[in-house]
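Listed next: structures, encoded as C-alpha cells.
Here come two complexes built around chain A, the first alongside chain B, the second alongside chain C.
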Partner chain A sequence: MHELTIALRIREALETEFADDPEMFVTSVTIQVGALSGIVPEALEFAWSHAVFDCDFLADSNLVVDKVAATGFCQKCRENRTITNIQSFRCPICRTPIGDITGGDELDILTVDVRNSSDSP
Partner chain B sequence: MNEPFPSRPPSFVRRHAAADTSADTDALVALACDDAFWVRREAARNSETPRWVLNLLVRAGADPDLRGHSGQVDPHLRPGELRRLVECGPWARDLVAAHPNTDEEVLALLAEQPANKLRRTVAAHANANPATLSALCTDVDPDVRFVAANNVRAPAHVLSALRKIGATPDLLTVEPVEPPTAARLSETAALGRWARFLAARHRACPPELLTVVAADDDWRIRSALLDNPATPGALLRHATAASDQNDTECLAQLHAEDPDTLSLEELAHHPSPEVRLAVERNRYTNSEILGRLAADEVSAIRRVAAQRANADTAAIDLLIRAGSTPDLMGLAKPDPSMTSDELDSLTRGGAWARQLAVRHPDTGPATLARLMCDQDPRMREWASVHPSAPADVTAEIRRAGGAVDFQGLAEADPEMPESALRRVADLGPWGAWLVSLHPNAPRDLRA
Partner chain C sequence: MCRDCGCGLLEAADHDHQHDHDHQHDHDHQATRTIEVRRRILAHNDDLASSLRRRFSDNQVLAVNIVSSPGSGKTELLARTMTEQANEWSMAAVTGDLATENDATRLASTGSLAKQILTGTMCHLETNMVADAIAEWDLAALDFLFIENVGNMVCPSDFDLGEDFRVMLVSTTEGEDKPLKYPTLTISSNVAVINKIDIADAVECDVDLLEHNLREVRPDIEIVRVSARTGEGIEQWLAILRSRFEAKTGTN
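Here is the complex of A and B:
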C-alpha cells in the first residue's frame, strides 16, 4: 500500500546519484521487485508517473519492473526451491514447510539508462 | 535469530563492499557485475576493480559508470570474451544475452538460468539455435514463450505440435482443439514443461504423464489437471495439496463436471489468485464473471480474461479506453473522450478498473470523493492527490478521523456535526468505518 512513498524514495535516490550530472536525463529505470517485498508491481508502475512528473530529469522516464519469485531452501530435499504460492510456505515437491527463505525480498534499482541533454531524445 | 537471507547480503551492504579498496579482486569483479546499479557504480569508481572487467562490460554495452546501457556495443567483441563475462555476475549475463556476437552455446547456457528476463532476451536473440528456442517455446513464463514463438529460427514443427494440442499461435495461452490422440500427447509432452501442461489438459492424456504433471514444482503447470475431467481424484488432491485446505476444496469444486454458476460467481471473489485463475479457465464460466475478472488486481488473471473466446468485450473495451493496454497487463494512454458516467461505472468494478478511474485526468469530483473512501488504501491515497479531488470532501474525511495520507487513522474533530458524519459514511466503506469510531457517531452508524 506504500508504493507511492516507495516511488518517491526511488526518485530521491536517483536525485542524489545524479546531483553531479545536471546534463543527464533518465530514459528508463529498471527495478527488481521480489514476491515477498510487499510491493504490488502494477501499483508501483502507476505511482511512478505521479512521483516524477515535476522532476525535470526523470519526468520522461519509463519504469520497468523485473519481478523475482520467492525462493527457499528445503531441508528435506536439500535443494533451493521456488515458492509458487506465498500463502503457503511449503516445498512445491515434498510439501515440507520451508523456513529458510533465500530470495524474494528484493527491491533494487537494477539499471538507469540515461541520455545527455545534448543528444536528441 | 537466523539471518533471513544468508546467501546474499542486501544491496546497501554490497555497495559498501564495492567501495572498499582492500576488497578481494574476485569480489570486486562480481560487484562490478552486480544486478543493483549503485553497487556497480561504486565498483566502477573503485581504483582496485580490475580494468579488464570494466573494459569488457563497456564493450558489451554498459555505460562507463555501469549505471545502465550506453546504447552502443563493440561489434568486435569475441565469443570467448563474452563467455568470460558470463561467469562474472547477473548484470554481465544480461549484457551478454543481448550482444549480437554471443554464440549459440552461451545462449543455450543462459536459456537455463532462472531469471525470466534473461530467458526472454535469449528467446529474441538471432543466434539462438532451434534446440534452445524449442525449449523456450515450452517455458513456464508466457512472455518467454511469446518471444520465442516470434523468433524466425523457432522450429516450425514444435510450434505446430504445440498448436495441435491446444496452444494459441502466440503460445500465450490455450484454446479448444479437436481431441488429440494419446500418442500425439505423449510425443508433444516430451518437448518441455509447458507442453506437458497442454497435454495434461486432455482426456486422452496417459496416466503416467498426469503423474509427472502432478509432481511439477510449479502450481501453474499442475493446474492442468483441473482442466482434465479424467484426472483421478487422488492425483488431483496431491496436485492441489500445496494450497491451503480452503483453496484445495474450492479447486476440487471447480474440477466438477458442471459447477453451477452460483459457485463460480462466489469463487470468482475468492482471496486466493490461484482459485480465481482456475475459475477463469473453467469452461462453464460465463462472460459476466469474465468481465469482472478482467478488472482483477492480478495482471495474469486479467490477461487470461482478455484472451477467453467468450470474454465480455464491452467491459474490456471500457478498460482499454480508460487507459489499459489491450492485454490488460499494463497502462496506456487513456481516451480523453470518456464520459463521466463511464468513469463512474469503473468505480463499481475490480481493483484494476478503480485504479484506471483514479488515474484518468477527467474523473470528476463526485467519483473521486467515493474513491477517497474506497476499501483499498492505495485508491484512497491516489484519489486524494488527484487534481480534481474535492477539497471540501477531503477536509470532511480528515475531520472524521482520516489520516492526512488517507491510509490510517488520525485525531477526529469531536465537534463534527451529525449531518457531515452521515455524508462521510455514505461515501464508501472506509468512510463508514471512520464514522463508526467517531465519538459523535449516531447510533445507527456505530453498528
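Here is the complex of A and C:
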C-alpha cells in the first residue's frame, strides 16, 4: 500500500544524487527489496511509472527489483539460515524457532544504468 | 547518424574519429553505463529517526510506537493508560489519522498532552510528521511519548519513528491468524497486546492459538492480554511499560 511512497523516495534520492548532471538520463534503476520489508515488488514497479512520469531524467526508466530472502541465525545449528516461509520463523533444518533475524529488511538502491542525453538510445 | 564515421550516433555525441591513418580504433559511445548508488531508500527517514531517538534518550523519554488495524483499540488502550497513570507518569501522545481530531481530543481529556497528526491520504506515519508534532513540547518534562500510528498493519512496519519499541495491538475480534496474515509487522514488533480479552469467548477467539501464532512468527515477542475497556490485564501492560522505562532511564 505504501509502494507509491517508496517509489517517490527513490525518485527523491536519485534527484539528489544526480542534481548536478543535467545531461544524465536514467534507463534503469536496480533496487534490493527484502522479504521482511513489506513491499510488494509488482506494486512498486507499477507505482514507479506514476512516480516518475513528470521527471525528465527518470521518466523513461524501468525499475528492476532484486528480491532478498529473509535470514536468521539458528542458535542450535549455529548457522545462518534462509527462512522461506516468514509466517514460521524457524530453522528449516532443525525447526528451532529463530529470534535472531540477520537479513530480509533491505530496501536499498543498488545501481542505475544511465546514458547521456546527447547519446542516441 | 554521424556523418563522419557512420556509427549511428548523433553528431553532438562525444566520440573520436577523423584520423589521418587507417587503422581500426575502438570507439566507445558509452551508450549506457552502470553507476553504483548503494543507498537506503528510506535513509532520510531513518536518519531523522536516529536523531529523534537521541533526543528521546537525552531527555529520558521512553517512546512507544503502537500499530494495529483500525478499531483494535489503540486509543482506548492509551486513554486507559493515561487515566490510570496520570498521577505517576508524565505522558504525551501523538496520534495519526487520515482525518478528524477525535483521537487527540479524547486523549487530551485525560489531562495528558496529545496532538493529532492528520495524514490526509497517507497510510502511515513518517518521522518528520512526529518531529513536527512534538516540536513545541518540552521533552525533558516527559516520561513517555506514545505514538499512535495510522490504523494499518502493512505500511507502518517499514518506518522507524525513533521509538524505543514497537507494540502490535491485535484484538480478539480480528481472528487468531492475524499475526500470520501480517508477518512483517509481527516480526518488527517487540510487544504484542491482545485487546478485547473480555469478549474473547463471545467472539469465539482461541487466545492461546493467537499467542501461538504470534510466537510462530516472532519467537521472542512479549505478549500481554488486556481489556482496555474493563481494565483487565492493564496492570501487566503497565508493568511492561514500567520495566522498559526503568531499564532505559536507570531508575526504579
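Assorted remarks:
The rule is simple: the second predicted complex is superposed on the first by the 121 of 121 C-alpha atoms of A that agree within 3 Å, B and C clash if a C-alpha of one lies under 4 Å from a C-alpha of the other, contacts with A are read in each partner's own complex, and residues count from 1 in each chain.
Rule of thumb we're sticking to: a contact is a pair of C-beta atoms (placed from the backbone, for glycine too) under 8 Å apart; a residue touches a chain by one contact, two chains touch by 3 or more.
Here the structure is a predicted model, which means the values were calculated and not measured.
By the touch criterion defined above, A:Arg9 lies against chain C but remains apart from chain B after alignment on the C-alpha atoms of chain A. Legend: residue contacts after superposition of the two complexes on their common chain; A:Asp60 is shown touching neither chain B nor chain C. After overlaying the two complexes on the shared chain, residue contacts for A:Gln87 are found with chain B and with chain C alike. In the superposition on chain A, A:Gly103 makes contact with chain B only, while chain C stays out of contact range.
In the superposition on chain A, A:Phe46 makes contact with chain B only, while chain C stays out of contact range. Once the two complexes are laid over each other on the shared chain, residue contacts for A:Val112 go to chain B and to chain C alike. Of the two partner chains placed by the overlay, chain B and chain C both lie in contact with A:Glu17.
By the touch criterion defined above, A:Arg95 reaches chain B but does not reach chain C. When the two complexes are laid over each other on chain A, chain A has residues 1-2, 13, 17, 28, 87-88, 90, 99, 101, 105, 108-114 in contact with both chain B and chain C. Contact residues of chain C toward chain A in the complex are 8-10, 12-14, 29-45, 122-124, 152, 154-155, 157-158, 180, 183-185, 187-188, 215-220. Taken in their complex, chain A has these residues touching chain B: 1-4, 13, 17, 28, 30, 32, 40, 42-43, 45-47, 50, 66-69, 81-82, 84-85, 87-88, 90, 92-93, 95, 99-103, 105, 108-114. On chain B, the positions that touch chain A within their shared complex are 2, 4-8, 11, 35-38, 41, 63, 67-69, 71, 91, 114-117, 215-220, 241-244, 247, 272, 274, 297, 299, 330-331, 352, 355, 359, 376-378, 381-382, 385, 407. Against chain C, in their complex, chain A makes its touches with residues 1-2, 5-6, 9-10, 12-14, 17, 27-28, 31, 36-39, 86-90, 97-99, 101, 105, 107-116, 118-121.
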